[in-house]
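Read from first to last, the chains carry the letters A, B and C; within each, the first residue is number 1.
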């Protein structure tokens, strides 16, 4: 990242593609926030969990990470449903802060768990194609970035389709717009929340795989990705899948531009600062409701 | 339960936390009728509807629908059983299109299977909803939103429809239109229980009515009887002088 | 009957103060020291989260900035005790600065915003070394200078003062107009706002006070430790400890943080061998407590109210709560 002097096109293109990855990570968070007004503090760690699962499947079974999704998506889906049903959902009944604290607890449990299982050493998902590159004219880019971008678009469209064309998806949408009206329409909001969270975890599973193929990850990476996801959601507006996608692109470009002008070491810091700035100025996001 | 009676509430008490909102409320809803619930803002009308819809659970007393006890059930169960509420303020889903709003109305139970035919019925009753089917709901006028809310309620294939404050903020001519549609709905065998503040108009349209005062049933009877009732006249039409009898009008 | 409790409190303080003098083993002193530092911070977190509704996840920023101010101060000739005061001041100033950004946010956003802040600061201190020459490894690691003639006992007593001070400050705030205003806001924010309560200012003052005390306690901790570096300082482990202590004890009770901190330090002692599992275990405990007994141990005691002494301790909070 940050190719130095002169060529500004490369960081822009990279920023856009990276934005696809960021959107991929953020879509689940956006969905959950739109429906339940809950920022799942454990989201980043759940994405990283998926990266570790893919790592395990790759290392011990030789399964290609994308193929491994066949296992990890259902696993994360069910895990998500259970977390919502038995942990977060029960927390809502206590008070509105309780789910937040519980999510915080889950986050740290996951971090420690991954640390015990995998040591703090950074890992990556390496396959035959993760180090390939492709050319746009004379410029060379890593192939994984393109895969990330494609995955981002596909998942975003899939989620949109789900939310607008299926009954459960419509129910999720309705519950996020007006909970009381949704209940009066015969929607079992508790069940809907469970499914929303489960779907979000499914998308997190995908995000984890592509993340692992793009960047090395450690047990504590979750916090950075939570921040990125949160920044994306904030910029793009809550609950809107397309908005989140564009939010990701904006964040990605902003980051690479920052790296271009201020040096690569400060890239994460720039993201943090941007998030705080947006929170200060316009918390509902650029496209938000 | 006689064939005639669709819903029966017996001695129902409902609390909001520690505050008692309904006191020993009993009422009956008969098949195919237009039943009105009248009362001032704080009388407990919405609370009563919410108790029927399952949004609130009675502390004591029973609510029976078609012979089955429904007090204490979750709201979605009650919609599945055939009661739908058109809530106060319409509450259409603002960011969804008109069509999507209608479709989500058929979410529960058997309504899904009936979606195509119900959709046709709703479009026949409210042609404007067909015209504007791709329009986002929050851009509709108040009257159109009310039509959408009622149409959405119909999509649930209800036996009993509860409508809360439908005429609030609407021009009289729009209210007329909607009452006409309610008449059509009635012809299809759906019973309507509606809540209103506008007593005059209500007693013209309804078959029977209950009058609620601070959480209790103060009066009930046919619309005709209530229209001619001296106390009702005095309290709601201001016909007589402002002589206040000791102890209120003690119904 | 009522006079018993203040006497008991004085006795406890006296005993704690006497510990180093009566030859208690050094490890005990260390654990009690930790208890005192954590207690001060937990009281402040309780003030923020329990009484002001601000689930603040940026405590590490406050304690870290204060501690760094003090440490850097010692490198440029500012005596450590003055640096501590300066540190508390810096922490308060920082709270003021970020309040603009984070206060417009409701609970959820506020939590995320405050989560990001310590991370950002950690990054800053990785890249930036305020004083002194280049160093191997991660940026701003420093020894604290000028504390050679300080004995551990003196630092211990300082911690005791801070801990007692935090209890008094908490009490003072809750009994003051600030406390009343916070109670009103907790009850019904819109009502409070429309009856003239300046909600923003209430939260701001609370935030600043909490930041200052937390900062001061942090500086005390690092004087004891003698060495500071960014990754352990601006670390979510602090947040977890404070959260757990307050929640286990009982959020929004005066006695809660005290009980909870005892439990947390005790856990720390028990799990010393399993340091690698500490967050895991703490996380699980946190989740269980929130689901099973969200009012914490104090809340549980209140409900069962068996032992009269326990009841008297727990109702310490009732009067001002």
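As a convention for this text, contacts are C-beta pairs under 8 Å (C-beta built on N, C-alpha and C of every residue); 3 or more make two chains touch, one makes a residue touch a chain.
Just so you know, these numbers come straight off a predicted model, no measurement behind them.
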item: Chain B to chain C, fewest steps along touching chains; value: 2
item: Central chain (distance from its CA mean to the mean of all protein CA atoms); value: A
item: Pair exhibiting more inter-chain C-beta contacts, A-C or A-B; value: A-C
item: Centroid distance [mean C-alpha coordinates] between chain C and chain B, Å; value: 54
item: CA centroid of chain A to CA centroid of chain C, Å; value: 32
item: Inter-centroid spacing, chain B versus chain A (mean Cα positions, whole Å); value: 44
item: Chain B partner contacts - residues on chain A that touch it in the complex; value: 164, 167, 170-171, 173-174, 177-178, 180-189, 289
item: Partner chain A, residues of chain C touching it in the complex; value: 49, 53, 55, 57, 98, 100-102, 104-105, 107-109, 111-113, 115-117, 119-120, 123-124, 127, 236, 240, 243, 247, 276-280, 282-284, 286-287, 290-291, 294
item: Residues of chain A defined as touching chain C within the complex; value: 33, 37-39, 41, 87, 90-91, 94-98, 100-102, 104-109, 111-113, 115-116, 223-224, 226-227, 230, 265-266, 268-269, 272-273, 275-277, 279-280, 283
item: Contact set on chain B toward chain A in their complex; value: 53, 55, 74-76, 79-80, 84-85, 87, 91-96, 100, 103-105, 107-109, 111-112, 152, 156
